[in-house]
Structures are given as structure tokens and as C-alpha cells.
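Encoded as C-alpha cells, the structure appears first; notes follow it.
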Amino acid sequence: MADSKKPQLWSKGAELNALVHRFTVDQDYLLDARLFRFDCLASAAHARMLGHVDLLSEAQVRALCDALHGLYISPLSISPEQEDCHTAIEQALTAALGDAGKRIHVARSRNDQVLTALRLLLRHESHAISEKLAACTAALLRFATRFELSLMPGYTHLQRAMPSSFGLWAQGFAEGLLEELDASAGLLIRLDRCPLGAAAGFGVPLAIDREYSAALLAFSAVQRAPTDCMNSRGRHEQALLDWLCSIAHTLEKLAWDLVLYSSQEFDLIRLPDAFTTGSSIMPNKRNPDVAELLRAHCRAIAGYGDSHRRVMSGLPSSYHRDFQLGKAPLLAAIASMHEMLSVLLELIPQITPQLENAKARCDDALYATHAAYAKVAGGMSFRDAYQATAAELQSGAMDATAFKVSDARANRFGLHAAHVALAAHQARIETLQSATQTHLNRVWFSD
Amino acid sequence: MADSKKPQLWSKGAELNALVHRFTVDQDYLLDARLFRFDCLASAAHARMLGHVDLLSEAQVRALCDALHGLYISPLSISPEQEDCHTAIEQALTAALGDAGKRIHVARSRNDQVLTALRLLLRHESHAISEKLAACTAALLRFATRFELSLMPGYTHLQRAMPSSFGLWAQGFAEGLLEELDASAGLLIRLDRCPLGAAAGFGVPLAIDREYSAALLAFSAVQRAPTDCMNSRGRHEQALLDWLCSIAHTLEKLAWDLVLYSSQEFDLIRLPDAFTTGSSIMPNKRNPDVAELLRAHCRAIAGYGDSHRRVMSGLPSSYHRDFQLGKAPLLAAIASMHEMLSVLLELIPQITPQLENAKARCDDALYATHAAYAKVAGGMSFRDAYQATAAELQSGAMDATAFKVSDARANRFGLHAAHVALAAHQARIETLQSATQTHLNRVWFSD
Amino acid sequence: MADSKKPQLWSKGAELNALVHRFTVDQDYLLDARLFRFDCLASAAHARMLGHVDLLSEAQVRALCDALHGLYISPLSISPEQEDCHTAIEQALTAALGDAGKRIHVARSRNDQVLTALRLLLRHESHAISEKLAACTAALLRFATRFELSLMPGYTHLQRAMPSSFGLWAQGFAEGLLEELDASAGLLIRLDRCPLGAAAGFGVPLAIDREYSAALLAFSAVQRAPTDCMNSRGRHEQALLDWLCSIAHTLEKLAWDLVLYSSQEFDLIRLPDAFTTGSSIMPNKRNPDVAELLRAHCRAIAGYGDSHRRVMSGLPSSYHRDFQLGKAPLLAAIASMHEMLSVLLELIPQITPQLENAKARCDDALYATHAAYAKVAGGMSFRDAYQATAAELQSGAMDATAFKVSDARANRFGLHAAHVALAAHQARIETLQSATQTHLNRVWFSD
Amino acid sequence: MADSKKPQLWSKGAELNALVHRFTVDQDYLLDARLFRFDCLASAAHARMLGHVDLLSEAQVRALCDALHGLYISPLSISPEQEDCHTAIEQALTAALGDAGKRIHVARSRNDQVLTALRLLLRHESHAISEKLAACTAALLRFATRFELSLMPGYTHLQRAMPSSFGLWAQGFAEGLLEELDASAGLLIRLDRCPLGAAAGFGVPLAIDREYSAALLAFSAVQRAPTDCMNSRGRHEQALLDWLCSIAHTLEKLAWDLVLYSSQEFDLIRLPDAFTTGSSIMPNKRNPDVAELLRAHCRAIAGYGDSHRRVMSGLPSSYHRDFQLGKAPLLAAIASMHEMLSVLLELIPQITPQLENAKARCDDALYATHAAYAKVAGGMSFRDAYQATAAELQSGAMDATAFKVSDARANRFGLHAAHVALAAHQARIETLQSATQTHLNRVWFSD
């Protein structure tokens, strides 16, 4: 193969020593495995657009799309010499098709190419993670429904505060995740712009049709200014990361509670054996390692988010090679989130509330607010009722029997509405995913 | 005043020593000045709801709303002894109204009270910052229109890359900010849930009507699970902070360019005298301090965002006093953003492109891509054209004259569409702001 | 006063509008109150050096030093118009002394001036915080000695693991803080270089004697390259912040334990009433707010550290105005640490172990490792002993009586050595502080 | 092999499903390759100590040390089933030696085992990185010496400020790195405590001799309290990371300058061809990718530092599984730093100052401070001289000829002293490294 001696697209013949090559490639040839198929898609759309404006012949377009479809179905592994997926794909096309392969890079740059592949990945992941998130939310809502009336102490400051239920505890997390599903809409608005054709950030001196390729890739619009396309490197990735961090903010609380509530001291839940591990020194232990790692992954995701922001900011406008190092934290955070949600989906239904113990911990003092409010209902002002109840508590005169009976909490907190909201999200996500996939598949076979 | 000996709402008489008091109050009594009016609003809505469900008399509601309106119009300063705005307001109500003041705290806790006040503040700020952001975007688009055809080198890697224009440079930032205006819609979805009535996180054992107070406060819906309300402390603040960080990501590039392009070496722009300062040792200097501080504020905002995430996460579910420390970075970031946008609004129209110098820096090599594409248009494959042009460049044979003439770039990048998009946003923001304000004003005077 | 119309040192007469002035001054005029006295000291040393190399007369030096001493004893408040302590001091000198005041700024720049003042502050704070840290460590060691043999369960993964004691628990934190006292030596090495005379980063074209002023300010050496002086802005501040973050890493664990162990479920300690607070809704609550705020301050300090690193990095070499924004997180973190240590010093002696309850939680299973080791002592391999003990535990056959008796842990973990190490540190810190202060006082009265 | 069905040390027979196993193992089996040899060393020291206190026979100790030495020389790869290096090593020992292998885990836990291996790795890396750092510093000092008198403009705020030299520019970075070499001493103090024998954080109920194993592993002392050992997980790693971040703070400025100064606009240096790359679209480009990636790695290292702090903090005292996730950022930061220093070592000598161009940029205005100081030398006060020079500059009356001649700056900034300081560090590091290695080698062959 003629190109084998100068595999870099930009090679002008100078020898790069091995150290520099390794440093500049870094992990890119591995990380780009995640981008490979998205770059095939974007390249096919680009080829069709070039055909549409007569920069490629119909036959060339067809040949390129067929070859790209083959790579999409059976992605190649990328060698360190190839550096990234873009070179690997172009080399494969040139090897297979000769001249047509050498023509595909007209009217684009690796800068807009990687932006487009990343944008497709971000959109794909926002769908995929939403789907898993909805599944976890469903698991939480099923748990909440099952234990809606199962009493447990509600804690504030880790102190027993007021009566709560296992249902309300689980519903809290479900509602938090439902808000993230709401928020995914805002994320998709950001992502719904196609940067392809921005080239190196200043457009191309050719009459191309950016709307054409944007539509093929299922974007509602072109990302207009090519300068903005370059400046947006990192911005969309960060928007996804911020969303993941917000999801993690809720999951961390769940994981923390799993660790805390399964301690012998709280003893409010039991975790399934398969999700706990032993100690290398103490035969008596069953440790909540999975819950602890879930908790740690939430902090790790926050770390990826911060790291990404650091790497991708602090620079003048336009493209800088620094951007390459943003891929690692982005892809790591996505992988972490997928794993967490998969684990949680298995774990949630297997959490066993310790119902008797939970009930036993609901002592009379937990009903102090009820007692104060009973006095309010009898006409006392709240502040006076508060002081009076505090005095009763201290003297042991408070009797909570009546409140315990009356505190039926069935459907008090809109659990049904949460189920309805989730169903709507699940329908929306399914539609989005299948519509997008159907649309993208047309890239290969249209005309 | 009878209450002077037990100013804390929760006082049970024990003496807190001064050190502990100072430590627990921290800056809260100062920071809460920003929440004061929002707490008045929320308290009035709460009072009306209590009247609606017969926990307050009509006369008490009227008295409370009138007193709260007075405080809203003329906020009090909060003393360190009062700790926070909630105590300051309740003390003022009790001092003025006696028994009615002692009744207002029924069916709520400081936990949902501060959540509600913060939610109102976040919504208010998302409107106010959007408005200023739109104004800055307008300034950038006016600049872009004025200098749409004024040539400057486009840089990548800080190396001259391809011909660009001052217009395209400025449009890039405007488009980035337009995306933030788009994104504000997603933020508002998150914020549009009322936490009032969640109390300490487990609801209240009274028949209250949360939808009623939510509607009064111009929220579309109640934030259902009280457990989620508590878990969401920090989540909504973070969503606003993430948005500010994303805005800062774009502004940082603008500020960096202002510093770089006004250096003697780049000399592409001049900054107005009023925005530069001198040196205490070197009489020859005019330093771009304002642009540097803008740049630094962008990093500071990222720092506030990270700090807030740190402080507000890492905890089991429910309320913890730790949350108090999240107010400082939130309010600091909001203040920074306001100042930055105010400064930029003044600065942008006064940036003076150095047109001649910019043109002079557009040497022939800048048109190498044009030359390669001309060969492509003539039938050569891009890869061959690329190599041929590189060879011409090296031998000095490349002639760029033709490309310089043909590179009229008028309206090539959708500048008009950007103006249209901005106008739509400006209309939307104005409507939102005035509708919300009108709605909220009804809290005082309804019935 | 003639200078009143051009208060900025660098004023060249152009009007700065109020907005820009407020933006560039920011909080500096407030924050610089912390630097005021250090700048007086450094200015006096600078004046003496100028006298030493005949750039000031003896009389001018004396007048300046006397005036500076007056300002050192009675610092002025800095007005927003003055911007920072440097201008405030120079204006005061010029107002009092006329020509001599206008002469003091020769051979220095505000750049090395602020570096020097900060360096003095950092050294001062590393001494002052070490002193408080040693006092807290002493309190922890006294607690450890008092409860050395008081049994409590040792937890790993929040699960009961092996027998421990309240003494060992407290000693752990004390040892962590002792390591920080060790580490302060490394910090002081970094700080022990004087940047004065670096001017704007390129030295001054005058025959000054930097060793002379360095020695007056009690530095062992000059920070040689003026370019390094500028590049080091942020580096020394960060070194102190990293140290504070490491201290906070240990204090956070202590604060977390205080919250957790004082919950009704763990019930291992009681916190004094003065360090807990009540709830605004629940009359039954006493919340560990102080411990929670200590915990949150530890995360806030980490946030200040990260924020500072963000603001102070990401820039080419030499001075940039961005640096100004590093002061706020630095000073905030120092203030936080002082408050935390003051609170802990009061709190630690008042922590009351719940001895009976702690003992009751030490069930037989806690001695499983002991049982396995007893088998090892009898000749079994550890892995076999581990499996055998696990089987006994499951069948209920394990008897821990013997182990409970034999587990006397007096002085097993070097508590005495910790006391000795602390005493050495306390002596060292006291010597350092008084020697430095004595040395610095000579600035005013030498010759 | 009998153990093949229960490969986890703590296996009690329950099935872990594949998902959970993958989640809990994560990347540990890969990351632990870096710890493998350190764990062999620590295990050999532990075996010797067990022999010393008669918990192992002399023959068992010899057999274990021989087998461990074999593993040290030829490390095994760790399978996902083995999870970590500790299990892999223990399994290999048990497979080779039978009963002796099952005996080695007595009197330790994986908790202190991983702490000890990490401590050895941290000490090793602090030596190894110091060595490379010294080599880079040497390269910078050679550059500084070579170009000590080569004039270039000194910039502040990216504005031309005062005359500087390429030598002074490079010396600045060298001095910054010398400070890091100074600081490594403080780091080593922290690391010089042996945690082995802390077991799970509460010691072991056996008469072991921790001083004995500490001495074998070349530690000056035991880390006394086992509770502190557990609490210190993350603290020592963070200390190394903080040091790397501080190094990166200096390197980032160097890398930034390389990018900026090699732009066509500044044109102060040329980077060697082998360290620049081309563009995929623009045949005219040679981009400073290596310098940009160096710059980005500096931010990435800061990100690893922050991420590590996040993951390792926020927890009560004692061991939690969360700690596992701290390994990845720690090892990634170390690898980044090694690569950066290797690249810089090659790059620094190949930086070519553009001497003529640099000189040409030193215009008269650059000597304004000199002019003002000449007036001061003539008796004028600095403030008056400053104003007078500013006026001369504006009117064009300033003549810099005399200052240009007189500004010979040979050895003005202690370059020789820097060389001397470096030589001392190099000798110290070499001694430290070889002494430690010699000491550690005795583990295998002592007795």
C-alpha cells in the first residue's frame, strides 16, 4: 500500500520520533474505537453531500457509502500508527477504492469531523442513558409502590425526625431521576446542531450544502458559524457531563443510604449476598462493597466532569490540540454511568427492608410535630404549640398513640403521578431512539 | 420585645457560646439579604394557602400579607443574632402582629422555606441573566454585522490558518451565547416545581393544599415527593451554576482573544483607554486588565461551580446542615456573571479592529486550502491536491491573488438568521419576565 | 491633597468609568486589609535597603520607617478608590512625608510588592495554624489517654469489624494532625525565599541589594530569578492551600464520625448541648449542626483549593491581572481553618463517649479475627483458620469470652510516643514564631 | 487447583454474578500491575517479620522469600478473576508452596497490604520523578547559560514591558523546578512511615514486630496508630499529586510560552519539525501540537489531583471500598508526568530562539523604566520621574540608546548559584535512590 510509509493525513515526510508519536497519539487510537461507527455515519453523509453538489460522482458516492457501511457493520481496530479513527477509516477507503477514498476529505477537516462524530455519540448516549435511567426509575417506583405504607423513621441531620416510609424514601430518588429525564430535553436542544462543514473553523471556499448533510444525520439545523463550531468543542461534552453529574448527585444519596442503612447500627435494609463481599482478615464480615463503589463512582463522575472542564477551557478561541485530552474523561464518565445504572437495575429489586426493626425505631418522639400540629388544630399558635410539645417531650407526657394510627399516608405524595410521568418518558425515549436510528440508516441506502 | 432572649426559632433555652454562634451563622446573615424578598413572597403565598385551608383566618392572612409586602418593599437588614432571613422575617411579623406572626410557621419548616426562596431566586436570576446575555449577544451581532467583510487571519493552534473576518470572529461568540439562551429553557423546566409544603422532608400531618401555593408562586407544578425536595437541595443551584459555567466557557475565549489580539505582537484590535490600566513601575504600559479579569472571572465561576458541587454532595439523603455553605459560591457566581455581562456590554462596541494590520497578516500561505480546492475543482483528488499545494508553498510557486478577490464572504454563515434567533429570544425573555412579575404581584393583592 | 484626583499609582489622567473601576477593584480593597501590615513591614525593609544602597538618605529612611511603623500599629481602612493596600500606604506616606513618600516605590513594582506581602502572610499563617493545630492535637491526645482502654467497636465499611477503643479512635486523628505538623516543615522551605526586588519580573536597572532586604524580613535567601518570582504567584499560596486541604482530609473524618456516632442508631457519643441546635418544625430534635458545618467546611476548603488552582493556572509565564482573583479563595480558606480549629479546640474535650452502649455493641462476632488467630497460634494455616472460624460463626459455635479478657490494649499503639512528638512540635513552633517576630521587629528600630 | 472455584480470598461460597464481579474489579486487575512488585517486596518483609516472631519457620520464610523474589523478577499478569495483585501473589505462593502460602496472610489485611504497596510506590515515584525533574532542570539551565545575554522583550499582561533575555526566561522555569526538588524533601518526610501491621485498622491480637518489617522496607519509623493508617489512605497519594500539580503549574507556563512564542505573530522561537504536526485540510500549517499537549497534560494532572481528592474524601474514618477508585487518577497522573518530562528533556535543547526578531521587538519604549530610574539617580523622586518619562514617551522625546548599551545582564540573577543548587540535588537524589534500592534488595537475601 502506497500510503503505508506516511500514514498520517498531514504527513509532509518529516520523521517524527517514536517518543513524540506516542505522546501525541496517547490513548486516542483506543478511545476512538467509541467514535469509529459515528465517523462512518458522518463520512457517508459527507460523501452524499459531496455527490449532491457534484464534487463526487454518483458512482463514487455509492462506492464510498457501501464501503463505509461495511466498516460500520464491522469496525476495524485502530493501530497506534493510524492515531485515530479518521485516519483508519480514510486509509481503509483509499485501500479499497483508490481515488474515491482520496477524494472524501475535501470540504472538511479533522476538526469538524471529530466534532460531528462526537455530536452523534453525545446524542446517542443521551438516548441510551435516558433509557437505562428510566428503567432504574421504574425499579424504584415499583419498590416505592410495594412499600408505600411500610413505616420507617425519616432522618434529618442523621437524627430521627418524623415518620416516613420505605416507599417515600424510594420515591424521592425516583422523582430525582424523573427530573433528569425532564432535563434531557434541554440537553438534546443543545446537541441538535450539525457542525459538519465548519472545516477548520472558517468554512470552506467551495459551494457545499451543510443543510443537506445535517438533515441526513437527523439534525434539525446546521450549527451556523464555523468559529462557533470550534469554540463549542468541549461545550456539548460538558453539557452531557453536567447531566451525568446531576444524575450522580441523586444516585450518590441512594448509594450512601444503602451503605448506612445496611450497617448493623441502622439495620433498616439488607443487601443481597451477591452484592456484598467479605474481608481478607475478618471472617465475620459481609461488606456493602457494591454500594460503596456506586457511591465512589458518583464522586468519580464529578471528578471527570471537573477534569473535562479544566482540560477544555482556559484557551483562546478556535481549535487547539489540547482538546484531544477531553475524550478520556468524557468516555470514562459515560462508561461509569452505564455500569452504575446496570448494577442498580439488578440491585434495587433485591433490597430487603427490615420492616420490624424500622417500625421499632419509630418511637414516640418521632411524632412530636404531629403533637404540636394537633394543638395548632385546637387553636394554639404554632410557636406556642412548639414550646408546649417540647416541654411535654421532656417531661415524658407526650402520647403518640393517636398519631400513629392516623398517619395513613397512601398516595399522599403523588406516587401515581410519578408512574404516569415515567410512562410518558419511556414512550418518548423509545420513539426518539427508533426514529433517530431509522433516519440514520437511510444514510446508507437513500437514493 | 419578649422574644429578645430567645431569638432562634428553635431555641430551647440552652446557652450557645459566642464562638459556636458565630461559626454556625457564618456569613448567612449577610448572604440572606439576597433571599429576603423571595422569602417574603413565599411566606405570603404560604399564608394565603393556610387561609385557604382554614388554618388562618381571613383577617390574619390579610394582616400577614400586608406586613410581608411592607418587608418586600423595604427589606430589613438581618442581624447576626437573627442568623438568617427566615428568623428576621418571622420576628418582624410577630413584633408587628403578635399571634398571627406566631402562626405563620405552621405546615412548613425552614428546610422547605429556604428551598422555596432559593427556587424563586434561581428562576429570577435565570431570567435576569438571560436578559443581559441577550443584550451582550446583540452587541456582538452588531459588531459582527459591521465588520462582516473585514478580513483577519483565522488562527488554529495560534498559527495562521485560513482567511477569516472580524465579523465571523464575533459571530462565533454570539452563536455560542445564543445556544446558552436556548439552553435556559431546559434550566427553567428543572426550576418549575414548587417545594413549599415539603416541610422537613416528610410532609406535614395537616390537610394543606400545595398546588394552591405553587400556583400563587407561578410554578406549573408541585415538587411531589418531600424526600425529593430535600434531596434536590443543591441540584437546582448546580443546574444554574452549570449554565453559568457554560456561558463562561464562551466568554473566556472572547476575553482571552481580547488580551491576545491587543498585544503588540498580534495587534489586531485596540481596547478603549477606559478599559486598560497602567503599570506602577513602567510608564510605557497600557495593560488589558479588564479583559484579564474577565478571563479570570470565567475560571473563578468554574471554581464556584466545582466548590458548590463539592459542598452539596457526598452525603446521605435528606437534609444536613452542610447545605448552608452552598449559598456563598452560588451567590458569588451569580454576582460575577452579572458584573461580567455589564462590563462586556460596555466594552464590546468599543473594540477597535486594526483593519490594515489584520489585512497585512493575511499572507499568501493563508490561501493554501483555497489553492488545493481549486485543484480539486479541476478534477484532482483532495489528497493529491493537498500534496501538490504543499509542494508549491515550499517552492514559493503558490499564487493567492485570485483567491483573495473571490473570497467575498457576505452572509455566508447565517448572520441574518442569528439576528432573527436573538430577536425571538429577546421577545420570549421579556414576556417571561413580565408575566412572572405580574403573577407574583398578585400574591399581595389577590382576593 | 494634590494626589486626590489621580489616586491610582499608574494614573495617566484618563477617566475610568465607575463600572470598570468597581470591576477591577472588586473586593481587593477589603481583602487587602489582611495584607496591610505585611506590606508595611516589607516597605520598611525596602526603604532600609534603599538607604543601604544610597537611593534614600538616612533621614528619609528613618522618616519612612517611623511612618510605616505607625501604620503597622494602627492600620488604615482602604477605600475603594485606593484599590489596594499598596496605594493606601503610599498615599499615606506621601501625605505625611511629601517627597520621601514619592521616593519609596523606586526599585520595586506592585508585582513584587504583593508577592512579598503574600509571602510574609503565608509564613505567618503557617506558623499560626501550626500552633492551633498543635493545640487541637493535644486535646485529641488527652482524650485518647483518658479513654485509651474504653472499648468500642471498630468499623470498616461502616460494619462492625474488630474491637477498638475510644482512645485508639482519637489517637488516629491526632496522628494524622501530627503528620501535618511534620509536613509544615516542607511548606516553610518553599516559603523561605524573598521575592522583593524582582520588580515586574525582570529585575531593576539599579544596583540594589536584594540579600539585604531578604535578611531584614527573616528570609534565608533571595528568590533568585525575577521571572521565577512572577511565575511563582499562586504556587506558594497553593502549597499552603494543599496543606490546609490535607488537614481538612483528617478533620472531615473526625467531623463525619461526630455526626454519625451521635445519631440515635450508633449512639456512641453525646455532643454537648451548646454544640447542637434544634429544628424549626420538630420539637424533638437536637441536631449536630456544628459537626455538620465542620464537615462542610472541610469540603469548602477543598473547593477553595481547587478554585485557587483554576484561577492561578492556565496562563503563559509572567504577570497577569488574573492573579488578583486568587486572593479571595486563599484568604477564605485560611479563615475557615482558623474557625474550625477554634471550634474543635472547645468541642473535643466535651465529647462524651457512651461507654456502656459502646461496650454492648462489641458482640462476639467482633472477635472472629481473634478466634482465627488463636487457631493459627495452635498451628493451623491462616487460610484454614479463616474458613474454620467462618463456619463456627455461622453455626453459633464461636465463643469470644477468652478474647474479651485478654484484649488489654494499654499503650499498644505508641500513644506515649505521640505525646512526645507533639511536645517537640510545640516547642519548635513557639521558637519559630517568637524568633521570627523578634527578627521582624528589628525592621522598625535597627541601625 | 483446589482454589480455582473460590479465587477470592474472602470467598464464603456465595455466587457473585458476573456484572457485580466486573463492577467491583473494575480496572483493578490492570492497575495493580503497577503495584505487583511493591507488594512482593512488602510480602517478603512481612514473611521475614513473621519468622522473626516465630509465626513462620525459618524454612517457610526462606521458601516464601525465594518465591516472592521470583515473582518480583518476573511479575505475573493479573486475571480479572484474581481481582488484584494481592490475590494473584497469594495464589501463586499457595500453588507453589502449599501450606506456607496459606500462612503468609496472618497478621495483616488487604487494607494494610495495599497501603504498604502504595507507600513503596509513592516513595519510588518521588525518587524517579525527582531524577527526571533534575534532568529537565539541567536542560533548562544549559539553555539559560547559552542564551544568558540574548535579548528578548519581557512581557507582562502579554504586553512588552522591560528588556529580558532568553536566558532569564529559561532560568525562571529552572528555578521553579528547583523549588519542587526542594519540596520533595517535605514529601519524603510524609512518606517515611510504614503502615504494615495496621491490618484492618485496629492492629492484630498477636505479638508482631512492626518496627522489624518497617526497617526491612527502609522506613525510618512505623506509622503508629492503625486507625491513622486507614485514615491516611489517600492522604499520601494526594501529597504526591499536589507535588505533581505544583510541577505542572510551572511546566504549563513553559508549554504555553512555547505555543505563543512560536506563533507567527510573536515569532520568538522555532520548535523542531519533529515536535510539530500538519493539518488535514491546510497544507500551509505546522502546528505546535506537542507543546499544546504538554499544556493540556498540565491541566489534566490538575484534574487528576482534584478527582483523587473528591474520590478519597467525604467519608467517615476507617476503611471504605470507595478508596479503590483513587488508584486510577493517581497512576494516570504519574504516567502523565513521566511522559511530559521525557518529552521536555528532548525538546528543550531543540528550541531555537529567533534572536534577530527578538532583538527587533525590543523597541525604545521597553526602556521606559530605565529612563525613569536614570532621573531618580539624578535626584528626582520616583513618582515625578515616572510622570516625566510617561510624558517623554508620549511626545516621542525618550531616547533609549544609552540604556540599551548599559544593560549587560551577565549573571545578575544568580544563574551560577542555580547550577550549584541543581548539582546538590542531583547528588542527593542519586544517593537516595541507590541507598533505598540496596536496602530493599536485602529483603530477599538477608539472614
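Note that the chains take the letters A, B, C and D in the order they are written out, and that residue 1 is the start of every chain.
Just so we're on the same page, a residue touches a chain if its C-beta (ideal position, glycine included) is under 8 Å from a C-beta of that chain, and two chains touch if they have at least 3 such contacts.
Owing to the predicted nature of the structure, the values given are computational and were not obtained by experimental measurement.
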Steps in the shortest chain-to-chain touch route ending at chain D and beginning at chain A: 1
A-C or A-B - the one linked by more C-beta pairs in contact: A-B
Length of the line joining the C-alpha centres of chain A and chain C, rounded to whole Å: 38
Distance between the centres, which are taken as Cα means, of chain C and chain B, whole angstrom: 32
Between chain B and chain A, distance of the C-alpha-averaged centres to the nearest whole Å: 24
Junction residues of chain C - those touching two or more other chains: 12, 105, 111, 155-158, 161-162, 199-200, 260, 279, 281-282, 285, 287-289, 292, 299, 302, 306, 310, 313-314, 320-321, 369, 390
In the complex with chain D, residue positions of chain B that touch it: 155-162, 259-260, 263-267, 279, 281-289, 292, 306, 310, 313-314, 361, 365-366, 368-369, 371-372, 386-387, 389-390, 393
Residues of chain C touching chain D in the complex: 12, 55, 94, 99, 102-107, 111, 154-158, 161-164, 168-169, 171-176, 179, 182-183, 185-187, 189-190, 193, 199-206, 222-228, 230-232, 234-235, 238-239, 242, 245-246, 249-250, 252-254, 256-257, 260, 298-299, 302, 305-306, 309-310, 312-321, 369-370, 373, 376-377, 381-384, 390, 403, 406-407, 409, 412-414, 417-418
Complex contact set, residues of chain C against chain B: 8-12, 14-17, 19-20, 22-24, 26, 86, 105, 108-111, 199-200, 273-275, 277-282, 285, 287-290, 292-293, 295-297, 299-300, 302-304, 306-308, 310-311, 314, 320-325, 329, 339, 342-343, 346
